[in-house]
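To start, the structure itself, in structure tokens.
Chain naming follows the written order as A, B, C, D and E, and within any one chain the residues start at number 1.
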Amino acid sequence: MILDIRGINTYYGLGHILHGLTLGVAEGEVVALLGRNGAGKTTTLRSITGLTPPRTGEIRYKGRDIVGLGAHRISRMGIALVPETRGVFSYLTARENLSIARRPGSRWQVEAVLERFPKLREVLDRKGRLLSGGEQQMLAIARALVTGPDLLLLDEPSQGLAPLVVEAVVGTIRELKKERVSMLLVEQNAEMALQLADRVYVIDHGAIVFEGTPAHLRADRQITMTYLGVGG
Amino acid sequence: MSRTWLAVLAAVVVLPMAVRHAIATEIWIFAIFGLGLNLLLGYTGLLSFGQSTFFGAAAYVAGYLLKHSAINVFLALAIGIAVGAVSAALVGYLCVQRSGLYFIMLTFALNQMFYFIAYQWTTVTGGEDGMPGIGRPALLAVDFRNPLAYYVFVAALFLLSLWIMKRIVESPLGKILQAIRENDVRAEAVGYDVPRFKLLAFVIGGAFSGLAGVLYAMLFGIVPLEAIGFVFSGNVVFATLIGGSGSLYGPIIGSFVFIWLSESVSVVWERWPLLLGVAFVIVVLFFRGGCVEAWARFWSWRERRRAPAGIAP
Amino acid sequence: MALLRTETLTKAFGALTAVNGVTLEVQAGTLHSIIGPNGAGKTTLFNLLTGQFPPTSGRIVFDGRDITRTPAHRIAHLGLARSFQRTNVFPALSILDNVWIAAFARGRSWRGLVWRRSDRYTEIVERARAALADVGLADKADQPAREISHGEQRQLELAIALAAAPRVLLLDEPAAGLSPDETQKMVALVRELKGRYTIVLIEHKMDIIMGVSDRVSVMHFGSLIAEGTPAEIQRNPEVRRAYLGGMVAE
Amino acid sequence: RAQAKEVVMLGIWPFTGAFSDVGPILDRGMKMALEERGMKILGRPIKYITRDSATQAGASTRRVEEAVDGEGAKFVIGPWSSGVALAVSEVAKRKKVLHYFSGGTEDISGARCHRYSFQWAASPYTAAKTVVDTFMKANPRAKRWHLLVADYAFGWSVEKYIKEVGKTHGLEFVGADRHPLGEREFSNYVTKAAGNKPDVVAMINFGLDAVTAAREIFNFGLTPKLPLIMSWSSGVEELVQLTPEIRENIWVGSNFYYTADTPVAKEFVKSYQAKFGGPPGYAPSAAYGMTRMLLHGFDRAKSVEVQDVVKGLEGIEVNDLVGRMRVDAKTHQTLRPFFFMRCKPKSAMKNPMDFADIIATGDTPLPAQYAACKDIGSF
Amino acid sequence: MLYALMGLGLSLITGVLNIPNFAHGALFAVGAYFLFSAIHAVGNFWLALVLAPVGVALLGLVIEYAGIRPLYAAGHDYQLLFTFGLSLILGEGIIVVWGPIGFSQLPPSILRGGLDLGFIFYPKYRLFVMVMAGLLVLATWLFLEKTRYGAIMRAGIENKEMVSLLGIDVHRLFTAAFALGAYLAGIAGALTAPIRGLSPSMGVDMLGIAFVVVALGGLGNLLGAIAAGLIIGVAQAVVALYWTEASVAVIFAVMAAILLVRPQGLFGIR
């Protein structure tokens, strides 16, 4: 297990969001995390990345407990997040957006990433706020990649993307998987998630309510109906 | 009558016995000033760093009239309130569109502008010399030159102001202002013209500042230049914060602590602003929420210490 | 005649045209749903309707009256109330005050605005309590809004919109973040409200949309691509391709 | 009670705020004068208290009132700045306590004179007369004057008198610029002054304004080529803030300079030097001098009652700190010599505090037609 | 140019850190006094000019670490209370350490005297300060606009969380920003000392102007702060020639006028 979360409880101020959540991601594995709005998916990712550290529980990354480390320390250990809000810096050019994320030892240098998203090369000198939604999403993924992560956390990467771009993202995730990057994928688009994932978790009210393979989940009408609002 | 009101009344009665009349009077004047600010700071969430603009403007105008045209006390107060409100409307018009840091800096800079106008317009304001020679005209055979009589007058006006402010914060307006502080986008969407309401709060706050300004001018017989300076603006903010901006009564406690503290420390050590600075830093780092909250925390701490004993069999 | 109507309504954020030439008619007394992928411009359309920001071009007509550039607070007075997609309440105020604020805004008169004690407005307080009762929050009236659960905040969100006694109710994903049984309650409530108000509903949950809507409009990249009864929409191939995809059908 | 016999004297000095630099040394001067008498007057103990004027009229008013009401202070000396002094003077009038002040406002012994306030500093007329007469004697050909005037009452009245006196010397005033109090950016004024090609620049300003302006005039290369006159300077306190290079060719008019050749001054300077390791400037000397005058007033009145002391001071004539001193009963102006000095070049300085030589003193009183104090009034 | 320098430092702190820094003027004064002491300690103006602002930056470092860091989440009111208290402490501290009476500091000998520019005689040192301030402003601007660090700081203005997600220590970044702002205040103070001399009140005199510069330039807009600094300097110089009484008030009048026309400041975007 590259990532091993055991019984974490995460709060926003007084709001208790994650209730003893437990999940794991194996080396080179793509794991999907599904659940309704507000179920705690994003909070799970924020817990892992140290933005909203859990109050109790354990998060082991490569065997080391990372709870309480600063977000920047965790990031440097090789965890990258593509946030649901994209987080593109609007007053920086796309090139600057990439350059501040750059790291010397990374296995993907800027050039290599641009190979993967040729569209980005055309807009390198445009300010972030001028990019289209799809371009922003690509930039967010590219920016996460240049940090050279071993574990990539994707929060709704297909959000707001045209079908063609979704295809591109799906393609990229497949290629990354071949390079044995581990991934935790949060998706509203359950169909896409189920295609990509090796294993699936369903979260509700801050706790895992289902764990299994995509095939199992598809078979479990009860779960898909109750917790995903789909499959009826 | 509630316990808080009884406490305030008791304070009004006891204070002139404990400290000199002039200081006691000044404390209530400052409290009126603080009440006005707190409508902005505590209720509307607007940190105005330029309240002395209205305080000073009212003091100058009413002072000038008191000096040159023998108006009576109530007319002077009415004029001061009006000047405070109008100047607040002017400044507010420029400021309420902005928020956060911008708002603070704008109120501050406009305050500076009024300060320099007063500083330079020596023929009227006396510039750095201040505007001296302001009398306290007698009213209905009561000679306000008697410090105690003036104290009673100011204390009565303070109680009146407090009552009015209490009515205001308990009125729909008070709720709307709090709603604006909490979430101005939603307040707008629900149907309130947010800038207009902010301006209204500004004007009411200005009117209170104006009242305080006139009373201040009459207390010392002079409108000093610093009455319109940013240090004064700062002092009222700090007094309010030290008292606790979350409560209607915070500014009252704050002005008491602030004036009493700075007066007594200034006699002890000539470098007293250093101590004041240290006090600010300590409040910020350890007692955010001010006296009111510190008091509440103290009580809950005591309750907690007592509770187990009570439950124990 | 349509109670609410837009004519080639367009909103551009710089290069991005979030709402693109939308012409839409909402008939009085109906429940009209708007669906479409994320980022299609649905919320932006609501923001335009309620005057959060002005449109780049086009017109909005409410009850025969052009409200295109009317500011948000004025539109609210005309009787257009909305709930927000992201919970958007007054956290430090009590639940009752949250609703009271909305009720007062649409009160008959603002006499005594700065003077009368707010609990003396009996009619307003009653309307506020009724709205809380509608959504099932009556017994929590005195708690501060920041201390209730996410689901309850969603209900409060709806109560704030209801308390304004609106003529048109714009609901932006009222069921998001609700647990299944709360979703059921929400559906029941929306059904009940349907008779009383004209409702425009944004929702991603197809079962709700299909169950309660009189008409459905589909937005995609800022434009309307289809409109019809729920059944028609479900059959529309373009809609299936753009939005419903493979997930709903079988 | 024993306390009732105490005579309480208040020094209201600026310990904080704009003139916080001089507060402590003013305090020294007053204390020295009282200690000379063993803290006693007419057999009664003197209780000396101080309050911080903060150079704020409001704060001073408040604190003086407090000291009068709370501590029973009956004799007030200070503060430093004119504006605040006028406020304190108002309190003195209202509270009927004696007030002695030294500084650049004509009003205390002029338009706003009353029975309780006295002015120790020379009249602006005396100053202007001394400055212009003496300077013209030394530089008869320097006829083109440029004035730089602080824009408030004090500056205006000195300007008026300098122009008045200047007429008798046939001076041409090629420019007279007014700057706001507290101005810190003088480059524009200096450029303008240079453009007028004057023979001499005369400044009528005080404290940091004067220091900043003198520095800028040097930076722009006007001094030492041209002479610069600081018409109404505090002397040591201002000069010490300048360097010898800047001071070269500066001429200074002042109410006191520590080389003053009087027995009292010599004694005072000696004990001050011994105590504090440097010569006294204008501030401690003024405080010292005022306190001494006040005590002379007690002696003459043979009473510690305020009104008696006032009467005792009125018309008193003594040889004191700066020479022959007389208090004009009609205006409460102390009639006394004013000093005019010339700064020494670095090479001539015997020690770092050896700034200047006194080249003349003058004591022409304000001519009656200018006197603004028409009626000093009653108690 | 000095105004621009002051404004730049303050803009950095208010804009990047979202903190109303009322201690900025005090840091300016401390810079001047550090220069004065450093000259006496090392006997060399140039070395002192390097050391003094670095000292102020170090002071800024300590202040940020010990005082400001816990306050990012608190309201502006408490931040203001803190920085105001700090400015009182620093201002009084100057009096305690260096005494209440001001000093003069001559420029180094090669910069004394002036140049005759034909139409005007101008002190060499002022020219030097203009060039230095220009270079510093340019350097700061280039640093913030053209280097990775600058990009990081500008990114930090917009979204702290995202920056830390990229493996960058936001806290350290903010400490650095505060120190850099303090450095700019310090060097402005040090450069000013030979022109205006030193006095404990010099910081307060400058603070109001610095705030106007920042408000005019647009919060956190560095280029705006530079332009506003220049505009105000020129406006003040021109007005001083024709209507001296108004030369201070005009700064604020100009500001009020511009804000009436452009409420977001000259170059403000928010």
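Rule of thumb we're sticking to: a residue touches a chain if its C-beta (ideal position, glycine included) is under 8 Å from a C-beta of that chain, and two chains touch if they have at least 3 such contacts.
Fair warning: this is a prediction, and the values are worked out from it, not measured in the lab.
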Shortest walk length in steps over touching chains, chain C through to chain E: 2
Touching chain A and also chain C, the following chains: none
Chain pair, D-E or B-E, that carries the greater number of C-beta contacts: B-E
Centre-to-centre distance between chain E and chain A (centres being mean Cα positions), rounded to whole Å: 42
Inter-centroid spacing, chain D versus chain C (mean Cα positions, whole Å): 76
Distance from the mean Cα position of chain D to that of chain B, given in whole angstrom: 38
Multi-chain contact sites of chain A, meaning residues that touch two or more partners: none
Contacts with two or more other chains, residues of chain D listed in rising order: 16, 23-24, 151, 180, 182
Where chain B touches two or more other chains at once, by residue number: 119-120, 271, 273
In the complex with chain A, residue positions of chain E that touch it: 148, 151-152, 154-155, 157-159, 161-171
Chain B partner contacts - residues on chain C that touch it in the complex: 50, 52, 71-74, 76-77, 81-82, 84, 88-93, 97-98, 100-102, 104-106, 110, 112-118, 121, 160, 164
In the complex, chain B residues that touch chain E: 41, 47, 49, 94, 97-98, 100-102, 104-106, 108-110, 112-113, 116-117, 119-120, 230, 234, 237-238, 241, 245, 271, 273-274, 276-281, 283-285, 288
Residues of chain A touching chain E in the complex: 49-51, 70-73, 75-76, 80-81, 83, 87, 89-92, 96-97, 99-103, 143, 147
Residue numbers on chain D that touch chain E, as the complex places them: 16, 18, 20-24, 151, 177-180, 182-185, 187-189, 191-192, 194, 208, 211-212, 215-216, 219-221, 237, 240-243, 245-246
